[in-house]
Each structure stands twice: as structure tokens, then as C-alpha cells.
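As written, the chain order gives the labels A, B and C, with residue 1 at the start of each chain.
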Amino acid sequence: MAARLHGVFAAAMVVYLLLPLAIAVPLSLTSSEFMTFPPRGLSLRWYEEFFTDAQWTGPTMFSLALAAVAATLATLLGSLAAWPLVRRRFVGRASLAALLGSPIVVPAISVAIGAFLVWAGLRLLGNPVSLVATHVVLTAPFVLLVVGAALLEFDADHIGAARTLGANGPTIARRIVAPQILPSLIAAWLFAFITSLDEVVITSFLLTAGQVPTLAVFIFSQVHWSSSPAIAASSVVLVGIALVIGLGIARLAPLSISGPGMGRPR
Amino acid sequence: MTAVAAPPTKDVGRARGQFVRHPAWLAVPLLIVFVLAFLYPLLRMGEVALLRGDVVDNVTRLIDTPLYVRVLGRTFQIALMVALVTVALAYPLAAFISRRSDRVQALLLVLLFVPMLTSVVVRAYSWVTILRPNGVLDGIANMLGLPPLGGAFFENEAGILIGMVHLMLPFAALPLYAAFRRLDPQLPLAAATLGASPARQWLRIVGPLTLPSALAAFVLVFITTLGFVITPSILGGPRALMLGVLVQRQMALNDFPFAGVLSITLLATTLITLILLRLAVRRFRAVGLL
Amino acid sequence: MSRGPDRALLAVLIGLLIVVVGCSTGQAPAQPTGTSGATDAPTGSPAVAGGLVINSCGGLYGESIETAFIAPFEEDTGIDVVYDPNCDDQTTKLAAHAEAGQVQWDVIGGFGGPLYKDLHDQGLLATIDHEALGSDVMGLAEGATQPFGLGFHHDGVVVGYHASQLPEGATPTVEDYFDLEAYPGARGMTGGGFEDWTRPALALVADGVEPADLIPLDWERAFAKLDTIKDEAVFWTGGTEMMTVMLEDRAVMCLCSDARMLQAQREDDDIKLSFDGALRSMIFWAIPEGAPHSDMALEFLASTLDPERQAHFTELIGYSGVNGASYDLLPAELQSQVLVNPENLSGTWAFTPEQDAWLAENASDASERYSTWVSE
């Protein structure tokens, strides 16, 4: 009985999570120029526009690349930082942790102006370095939290044993720690990726006119003057592709999630 | 942050140091990027905003104008509620997922995550379509023969709640799922053979072991919600203003000094809340409640 | 035991990463189709070397600017123009540019008198030499030649309504908007965040105050009048929602922008607009102080006064141009609906420049008061 309730609850949650996406589909198929519901007539023109118009393809590719690079860097640097931050006591530890986590709380617009001043001064406006660095810092707090939580409970005996066998730091990190916290690493990467995709304000200040904008910035520049269904189409396509990739991976390598050394203590 | 709780005692101390090292310099690369891309910009902004305006004047204005105090209070209130509801929903969801077969787990995780790729703007507009008067929700109510809701969850705090919980649910569910996965399945099993009911198993074993992750998830959702602008502004409508939206408006009016004061107030109150939370956790730990 | 799938998974992920990064860097120099022949912005430099950079809003607004003004300008002069369609934080960014000493734009546009006047007073906008432009002798609409900018188009806050939901042939006035007895039904209204004095001012006018006597705004009286329709108010948070509120039949009448209602009308011809008691104001072009190519900027501004280009702009988006000659070039059906039609114009009123100055000073206060009223 309890198990069935549990199942019903989970099903309800899945519906809840997928609902806006489900709505985005009819919104994207409308033939009118606005996202109204119910759609006034059906058309695939917005998908056509998304796939063929450089206005959409440019920002989409740019955003995906930026998010991937930023997420990878953030996961790497964040995980490294999380190790001493979470497992060692030192003066100012809590303050440092709060500092590195603060980007989540500070309103982006407050940072945006300062960020513009800094990068303009360095003559690096619009340079990918400025964007990657900014996105890394903005997504690192999620990495710190997720990976930090996993590292907190990590059993150090494994490390001790490895050391007595002669392993050095990087080897231990790579072959002992990382495999055991892999689910958390993947989760952190995904959070960082998604957060980077949605970042608007600071990115908008750091882009130069005439440069290909990120997808989020582009959508925002349109939102005041159009409620273009192409926006819904863009989301449906991205999610669709991710679903295919995700389900494909889930089919091919479900063993990666469970299996020896993958998060199960011995 | 509460997630960065007391380190496991066995790692601390010189004796262990030779085997398990936590070199502090590992945090330096991130720190460098942080200073360059965040801290220095914040300081530059602070200089522009605060040194050129009259801080006392602006703080007085903030305290005296009922709008700001009200919005600050509401922002915290909403963030608190969102965090509570999100964790309350994410916890059983994560537990459920962790007990399925590997294939189903993978499938559910994909379903959990992939919707997050939907642009936050699209999500907000989708919710508007669902929640507004004569929207999808009303349509369903109609079909079921129920009276129309007439936008009961629209452009108010309930709407923000629905939209933000939706946004944050995967963020909370995933760390919790990882925590459930790390649980040794032998433990509750052993308790069961010793005669513990499922409720007892949870109360004494599963619960305490997953609680740190639940707390971490709570904190994460709480502070993320505090800073959000987009979802609250679209779903909350003008009636349920949150602080992030206000800061943006003041900035747009080029009232940098005041916007700066607003931002710092938000930051300060957040930090205070987190510190209080940590103290509370410590107190509960000391008394053995956690 | 599980090495194989792990490696496969890793390989797939790395492969994906490479593909995505590769595709993106290959695409990076691609330009949006709207701007013809725009040069690549060399990364790290403040503005496009040798070209003109214009900043205003995006979507249909930006497309209309590109089609009606930028394309012909590029053809005539051979100057490359880059259009930046991100007008969200225009004022904030302008201040940041000035602070850094690296102004990114040569021309900005899309906002009203009070805001640009304020920016000009702060030294962020260059003073326009209308003599050099020739605009002072062109007989443009009143108030188009200001020290801080050149008039771009008119902007009206009109009464938009669903004709089928009102008595046959009725053209509601602003007073009617506040009359729930004669015209029951939901009222669309802005939730605030932009020029928050407009609706209170309209409320006062509906209550019988003469436009000339509006300043300083009597807030209590204005909000009392607004309170009479508060229960039926449907608030929106952005220009597009303004249209969707009407298109989705969530309101019978609204106080909204004339151009947006014309846009909505293309989707649903039941939507009409009335200019009786409407507030008209002007949207301006301006040149930032310290713009890299201010001469070219002036050239561009001069080109926007061409009646044909202005008429084209009006046809695309519905905003009336400031050059009266453009009105004669409009198709007849459009002429009856635009703000500068003499019949429509006579019903509208506007703030004087002195009143604008007061509005600029009290913009922040207005924003606070309106937000407070809305959220109560």
C-alpha cells in the first residue's frame, strides 16, 4: 500500500516536471506569430526557422559550447576546491566557502556593471575568456555544494590504503575518489551546464555588439517585442536532442550508475 | 554554508596528515578565477555605487519605504516556502528512484534532468499558459466538471511557488538521490531483521544518514530562490514582487547607489540567515537531535 | 567488470564535447541575417572598427528598424552598420561604458524624453546639433528637436478594446476605461517597471484634471481613481504580454501602446484602438557622449527623417513617424489608425518639456508608488 502510494507520488512528480515542456510543444506549433494557447492553426515554420535561420543556429551552438566548457572547468576547479574546503579545518574556512558560494545570492545586475568595467579595462570584452571565467564562477557554487556533500562522507581509509601502496595525489584523485563520487560529479556538471545556458544579465553586458550572442541573451532581446513561438521551438529541440542522447546513454550504459566502486561502500 | 559542516574528525590532525592530505592550495585555481571574474567586479561596482551615493541616505530610504521592507520580507518568505516544499517533494522522489532497477533509475534520471534544458523563459511562459484564467488548468477543471479556478495560482505567490519548485526540484532531488545511493542497503536490512518497522528504520537509520544532504539541498534551493528574477517576475506578476526584480528596476533608473544598497541588504540578510541556520544545526547536533 | 560500458560512456561524452565545440567555433563568425555585410567584431576591441553601431530593442521593433532605416542607409552610404538588439539595460550599460571610457554604441534609441533628458543632464549623451542635421527647419512634430536627441517616433498610450464586447459602434474614451458600469469587464493594465507615471496621469485626466495642471502629480487622487477598477485589473509584465492579454481575451479594455494594439489587430481584427484622451509622447534617437563615430551617427540620424523610410517603419510596426510628410505616404486603412492622423491626434494630450523635467526627477518615486499600489 505504501509502496503504491510512493509510486503514484513519483508518477505525479514526473508529470509535474514534464508539464511545461508538454505545453511548449503546442505553443511551438502555432502558425500565429505569438505564443498563444490554444494555438491558432498549426505550422512547423518555427522549427524551420530555428534550424535554418543563422539568428538561431549561431547562438544555439555558441551557448552549448560555452556551457560545456564552463561546466567542465567549473566541475574540475570546484571539485578540487571542495576537497580541502569540506574536509579540513582551517581559519576562515566557513568564510571562504560562503564567499565562493555567494554568486548564487548576489543579484546578477550588481555584478554585471563591475564585470564590464573589469573586462573592458583588460581589453577583453567579448573575448571567450571573459565569458568562460564568468560562467565558471557563477556555476561553481553548485559544484561546491553537490561535490562537497559527496566528499564529506568519503571514506578516507581508501586513500590511506592507496598511499601505503605508493599512489600519489593525482592518481588517487583519478582512480580512487573520482569513480566513487562519479554520480555527484555528473550531477554537478549537469547543474553547471544548465545554469550556464540560462545565464543572461552579466553575459549581456560582456558581449560586444555584432558578436553572436548566447541563446539566453538572444531570447531575452526578443522577449519584449515578440512572443515568438520559435523560442518554444528552440527549447523543444534542445530538450528533444538531450532526451535522445540521455535515453541512448541510459540504454547503453546503465551499469555505469551502479556497479562496483560506483558509490556503494564496501 | 550549512553543507560545509564539520569535517569528519578522523581526517583532522597531524597524525593522519601523512596519509590523507588536503592541501589548501587545491582551492587556489578556483579562487583566482573567482577574484578576477566576480570579486573584483563586485568591488568595482561597490566603489561606483556606494562611494558616490550617500549610503546613510539610501539605507534610511530603504528602511523607511514600506515597499522595500515588505518586498524583502516577502522574498525571504517565498524562498523559505519554496525550499521547504522542494525538499519535501524531492526527498521521497529521490528515495523512490534509488530503489528501482538500474534501467528504470537511468530512465527516471533522464526524465528528471532533461526538462532542465528548457529555457527558463519558456518554462515561465508555459506555466503562465497553464495557470492563467482560461488556461490549461481551467480547461482541465472544465472537463472534470469542476468550477474554474480563475487564475487562483496566477500572478501571486502560489504561482511563484509552483514555478520555482518546478525549477529547483531536480537541483534538490539529485544530491538527495546520490545520498540515498551511498546508503549501505545492509543497514536498514539488518535493522529489519532485528525487528524494526519501516518507520523505525527510517527514523533511526535512513533519515539521519540522509539528513545532511537534505539540509544541503534546502540551503541550495533557499539561496538560489532569493536571487531569482526571471521566474518571479513572469509568474508572480507585479503583485508579488521579489527583491531581485526591484534591484533590476532601480538599476535601470540609473540609481546605482540605491540599487547597490538593495543588493547588499539582500546579501547581508542571506548571510545572517545562513549563519543562524548553522548555529541552529550545531545546537541540534549538540543536543543529539541531528 | 563494468569497465567496458564506462569507457564507452566516457568516449561518447568526449566525442559530443568535441563535436559541439567544433561546430560552435566554426560558426562563431556567422552574422544574423538581418544586418547585411556587417563586419566581424574583432574580439577585444570596443566597437566595430570603421562601422556604425546602433543599439535599440529587438524582436519586431529591431527588425523594423533594420529594414526601414538601416538597410537603405547602408546602401546609400556604404557604411557597415551593426545592430545591437538588446535594449534591456540600455541606460545601465551606457553608464558602464562611460565609466570605463569605452563607449560601445554610436546611436541609441527606443526610449522617451524624460529618460534621455536625464541621461543628457548626467553628461552621458552628446548634445545634438540640429542646425547641422537640418532638422530644425523641417517642420517636424512638436518636440522632435531636443538637445538630448532627435525624435524617432510617437508613442501613444491608448484605449485598446474588443469591439465585439462593447456596445455596437462604441469608441471608448479614457474616462470610459474607468467606467465599470457602462462598460463592465476586465481591464488590462501595466504592472509597472517602465515610466510608471503614465497610468496615474491618465487616471487624473480621466478624473477631470487638465493636462496642463497635471504636474506635480496628485498621487492620492490618481490612485483613488485607479482603485475604482483595481478589482477588474489584469496586470501584465511586459510589452508582449500586453498583446497576449488582449489576444487571449483576458481583458475587454486596456490602456496600452498604440503600436502593440495594431500588431495585435493583425492577429485578431476584433481589437480596435481609441485615441480619445490618450497620452502621446515621443521616443528619441540619441548619440552617446564619446561615441566612436559621432559624425556617422549624425548622418544616420539625418537619414531617419526621410518620409519614405518613416512611412515604411510605420507600416511595419505601427508607430507614427515624426516627419509629417510620412503620414501622406501611408496606405489609407493604416492612416485611419495611426496616432498622427489629425482626427486621432486631436484627442490626445502630451506632457510639456517642463513637465517632462519633473517626471524625470521623480521617476524613481513614481516607480515605487506604482509598484506599491499594484502589489497591495
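Points to keep in mind about this one:
Going forward, a residue touches a chain if its C-beta (ideal position, glycine included) is under 8 Å from a C-beta of that chain, and two chains touch if they have at least 3 such contacts.
Since the structure is predicted, the reported quantities are computational estimates derived from the model, not experimental observations.
Chain contacts here are complete: no pair of chains fails to touch.
Between A-C and A-B, more C-beta contact pairs join the chains of A-B.
Separating the CA-averaged centres of subunit B and subunit C is a span of 36 Å. Inter-chain spacing, taken between the CA centroids of subunit A and subunit C, is 34 Å.
Subunit A and subunit B have CA centres that are 15 Å apart.
Among the residues of subunit A, those in touch with two or more other chains are 35, 37, 109, 113, 116-117, 220, 223, 227, 249, 254-255.
Across the assembly, subunit B contributes 48, 251, 256 as residues in contact with two or more other chains.
Multi-chain contact residues, meaning those touching two or more other chains, occur in subunit C at positions 89, 92, 95, 99, 248. The touching residues of subunit C, counted against subunit A in their complex, run 1-2, 5-6, 8-9, 12, 16-17, 20-21, 23-25, 27-35, 38-41, 43-48, 51, 53, 55, 57-62, 82-89, 92-93, 95-97, 99-100, 102, 104-105, 238-241, 243-244, 247-248, 267. The residues of subunit A lying in touch with subunit C in their complex are 32-37, 40, 53-55, 57-58, 61-62, 64-66, 68-69, 72, 109, 112-113, 116-117, 120-121, 123-128, 201, 204-205, 208-213, 217, 220-228, 245, 249, 252-256, 259-260, 262. Chain contact summary for the complex, subunit C toward subunit B: residues 89, 91-92, 95, 99, 118-119, 122, 191-193, 235-237, 248-250, 363-364, 367-368, 371-372, 374-375.
By the touch criterion given at the top, residues 48, 65-67, 70-71, 132-134, 155, 233-234, 237-241, 245-246, 249-256, 258 of subunit B touch subunit C in their complex. Within the complex formed with subunit A, the residues of subunit B that make contact are 1, 3-5, 7-8, 10-12, 16, 19-24, 26-27, 29-31, 33-34, 36-46, 48-49, 89, 92-93, 95-97, 102-103, 105-123, 125-127, 129-130, 135-136, 166, 169-171, 174-175, 177-179, 181-182, 184, 198, 212-213, 216, 219-220, 223-224, 226-227, 229-230, 243-244, 247-248, 251, 256, 259-260, 262-263, 266-267, 270-271, 274, 278.
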